[in-house]
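Heads up: the structure comes next, in structure tokens.
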Amino acid sequence: MKKVILDVDTGIDDAIGIMLAVKSEALDVVGITTVSGNVSLETATINTAKILDLLDDKKTPIFAGAAKPLTRNPHFEHRVHGEDGIGGALKGVATNREIQEQSAVDFIRTQVMNAPGDITLIMTGPLTNLAEAVQQYPEIISAVKEVVFMGGVVKGVGNVTPVAEYNMFADPEAASIVFEAGFHSLTQVGLDVTRSALLKDEHIDHIQNPVLQDYVRTSTATYRNSYFERNGVWACAMHDPLAVAIAIDAELVKTEWLHVTMETNSTYCDGQTICDFQNRLGHPANMHVCLELDEARFFDLFLKLLNA
Amino acid sequence: MKKVILDVDTGIDDAIGIMLAVKSEALDVVGITTVSGNVSLETATINTAKILDLLDDKKTPIFAGAAKPLTRNPHFEHRVHGEDGIGGALKGVATNREIQEQSAVDFIRTQVMNAPGDITLIMTGPLTNLAEAVQQYPEIISAVKEVVFMGGVVKGVGNVTPVAEYNMFADPEAASIVFEAGFHSLTQVGLDVTRSALLKDEHIDHIQNPVLQDYVRTSTATYRNSYFERNGVWACAMHDPLAVAIAIDAELVKTEWLHVTMETNSTYCDGQTICDFQNRLGHPANMHVCLELDEARFFDLFLKLLNA
Amino acid sequence: MKKVILDVDTGIDDAIGIMLAVKSEALDVVGITTVSGNVSLETATINTAKILDLLDDKKTPIFAGAAKPLTRNPHFEHRVHGEDGIGGALKGVATNREIQEQSAVDFIRTQVMNAPGDITLIMTGPLTNLAEAVQQYPEIISAVKEVVFMGGVVKGVGNVTPVAEYNMFADPEAASIVFEAGFHSLTQVGLDVTRSALLKDEHIDHIQNPVLQDYVRTSTATYRNSYFERNGVWACAMHDPLAVAIAIDAELVKTEWLHVTMETNSTYCDGQTICDFQNRLGHPANMHVCLELDEARFFDLFLKLLNA
Amino acid sequence: MKKVILDVDTGIDDAIGIMLAVKSEALDVVGITTVSGNVSLETATINTAKILDLLDDKKTPIFAGAAKPLTRNPHFEHRVHGEDGIGGALKGVATNREIQEQSAVDFIRTQVMNAPGDITLIMTGPLTNLAEAVQQYPEIISAVKEVVFMGGVVKGVGNVTPVAEYNMFADPEAASIVFEAGFHSLTQVGLDVTRSALLKDEHIDHIQNPVLQDYVRTSTATYRNSYFERNGVWACAMHDPLAVAIAIDAELVKTEWLHVTMETNSTYCDGQTICDFQNRLGHPANMHVCLELDEARFFDLFLKLLNA
């Protein structure tokens, strides 16, 4: 089993990503860390607790992380993710699940340094927690096994600005620190592939557990609607679940080994992932960029995990 | 006949663009203005003179414009365009052609204001001259009929940096002024279409006039070689000639009416043409963006003009 | 006699500067060029004409220059300079004075190149015209005798932002080009000295010509009032006249030979003149920075000129 | 007694500041937090331990903080502070003092939240730790009693760049977060006053404890030399000790209540503390800016504390 820490700003699709990770027998989720992003840190943390409750999980600890981006103000996305961040699906539900005292950054550090070479980090929110860990404890960089993050786009348009994807736009300074840190293995799961991971009614119909089916259907309703308004298709992209799935099965995607730079200091392009396909800048490659998705294979895995 | 002013930084492909424009019966080239760009202002001006000599043109006046970008230092491209800027094709040739006393900016202003609504500007270098004209004589904006410029890219990679095309990168401040000026009709002819306008041996073979055929073959030799090294195809993109051709026949391309912004103030993205396909920024459209080229139709016109 | 071109954005204090220059026997004003600044180019040009009318000048030609800063939008200051830019002093007065056809930039170029080493440029508005001249005709740089400009501040606060003086703030890109051009002699007349050149009632009382006395009193009334509101003193700083006076008598000020950089690319500091007193950046000095004024001597000269 | 946390990048003058704080009966130093700055985090932490050893302190705990600025790379100053950061004064000395497990940020948070309204923070390094605390635990902002920081300059030149003081320059993003946070009381102790706190031989001679006298003399030797080379005076500025002293006796300085902004996004001005003396930007005041120092009173206190 792969030991992973999942870092989330739960969020509709983070929630489903958590489900895949926790239910997967290939992954050992040693902890979930939360971060300010689509929703506030507090909401992200509560939502994470609710999802673990829903899964009847007894063991996965939750650690709260950064309440704000490194240097910017938060940029929430309630229009997309609903007031509670998970499409209102668990609105009336209370949770008593305990949140750990230890901070997310300290948890990451402790886990990584206690098991050098063993920990995979799956990041599905802004990269604030990991950037802080890198700045405070640079020794973790060489001790992390691999980092898989959902974020950015290298060939198409952004989903916040014309050029920037949300997780990158929300904390570009954090992304820049992570990109330049020098991790052994860093994989970008960007809109270039997540836009093809389109969850449709037919997939939802195949979720066997009625509680999970109902949750997925309800929580994604507004999201699918918002997607429909923009793209004319009743579906929604499984951005964060795809990052989890790729941590389980790297064969889901074709990647290229390229240099990607983060713009942090512009008028219009902050948060853009600048991918140097032709190596014009002469920098060595720093990440595996996902460029093509085997959609069928992804949804096979997706349903297999939810139906496990 | 359409009255046009052609603004050039001659340049291998500007040279061929000049040929198309001067030989076309659809265009009345009232003057050619030169600008610092691929090569220095002086070289661009001399090359323009040599090309008019080659065409045995007796009437088209040449006006020298800006020796430098608005606020930046020049960025020449001798590696691509050869030491003389036109692939060495007319290296030993002298020219006695007179250059006009009037500056490019004053010429543009005079022509436009003397024939309001009549003048089309075809820009195939950095947009410095037009930006200066706009800043000094804002009255020209509403008096220009249309502007067609070669520059930028909205869906692919740049040709100087990962995100910027040369003409935009060389003077982004000028491009920004032109984009925001409010011209009645502004058409971007970017790498998105010019990259499909690939001149190959078979096209050159069909140029009937042996002097022109020889010139085109020789001047593009290094350019085709450099293209080959980067792209693995013996060919070269007719960037600037396509802008001229579109001014003659707008049906060569499919365009969309979109807002495009110029980044001038970033670490990595200066010169990027940010095209807001989903209108996320809420700005009104400001230009016709060429997105698809009818290649066969372009080369038909191309050969028809050179063989006229 | 020193041959000078005076570049103005007339402006209350530019107007008085013009008076000093035209009336001085030490200066031969070969022409006045106008620029967008405190007021629009059109208003600056008309005001300049009115002042020459008032002086009954028969010979000084006026050339209109840039209608806008190099790349920015104009930032007018009607609150300080009054609706007509000269405190309403000549509001009802008409002028028939002809404005030259030649543009300011071409005039500067022609004069400088026709008399290399002979022309002094006195700049009392934003530096747009000179920057354009430098970009278009770099050959003038070594042919100009000296440049004296009113602008910036190196030890105190700004008068537009906390750190920037108006002429610098209005067109920092132009200032940067002028600072880096490499003129033989460049003298900054900043707020550090002009703030000490305080025109008071007692000075005005000593202007003998009743027309000029009345003009100066009227035109500076609102200005003195605005100064009073900010500084609690009924007076007004003779910013631009001091630059003219220093071109006549360099002994009016103590200067240091230092490197000054223009910030053009910041959130809060655009237009700041960064003076490297301790040479921390290691750049060679590029201008004579005025740091101390002999006030009595200045007003002696001021009154001598107005009473000539 | 005032409960304080001292945040240091020890550093020659931080070291003396620690002495003042620990020896003062007016202050109860509940802990010292360290940060990357003049020297690396590790060196700052070891030096802090050595100074506490020298003082024979038995109770003050040390907490290590940020190993790097928020988003930038470290900028060490070994030329000024010597290879070991304290002028080589305790080079051969070993320390066994234990460093706490808890991180600086968590310690600050715990102390502040456990005693709301009681804790004063004295910051004598880059503001990274406090900025992280603010971003991660915004609830501390209203619970901190006051913040006194050494940093910046509002009327003179910088000591790293022409416009920036070291602590601000090293982490401008952190400074900006602290400035904008909204603390009840924030006091800037900048070069405007610390430059007058000049330690001379006569002061050192009056330190009675021979161990401390020797330490102060030795540790400041290179510093005084470097100061001499720049300023021609054998002395050194007690930057950090002055911040500690002001936390003890606010009457040492005259302050004004003003708005100060941090520039983080410029070519030349990053780290500049822009003080809006004339309230041109219209922002409400955010800090007490020290503008005048009672030198005699400071050195009286200084010697009284060292001789306690």
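For reference, chains read A, B, C and D in written order, and residue numbers begin at 1 within each chain.
Basically, a residue touches a chain if its C-beta (ideal position, glycine included) is under 8 Å from a C-beta of that chain, and two chains touch if they have at least 3 such contacts.
None of the values given here were measured: they were computed from a predicted structure.
Counted as hops between touching chains, the shortest connection from chain B to chain D is 2. Shared contact partners of chain B and chain C do not exist in this assembly.
Over half of the residue numbers at the chain A-chain B interface are used by both copies of the sequence. For this pair, chain A with chain B, the centres built from the Cα atoms lie 44 Å apart. Computed centre separation for the pair chain A/chain C is 58 angstrom, with centres defined by C-alpha atoms. Chain geometry summary: the mean Cα position of chain A and that of chain D are 39 Å apart.
Contact of a single residue of chain B with at least two other chains is seen at positions 264-265. Contacts between chains close into a ring here, every chain touching precisely two others. Here chain B touches chain C in the complex through residues 65-71, 103, 105-106, 131-132, 135-138, 173, 176-177, 264-265, going by the rule given at the top.
Contact residues on chain A toward chain B in their complex (touch as defined above): 157-158, 160-163, 230, 261, 263-269, 272, 274-278, 280-281.
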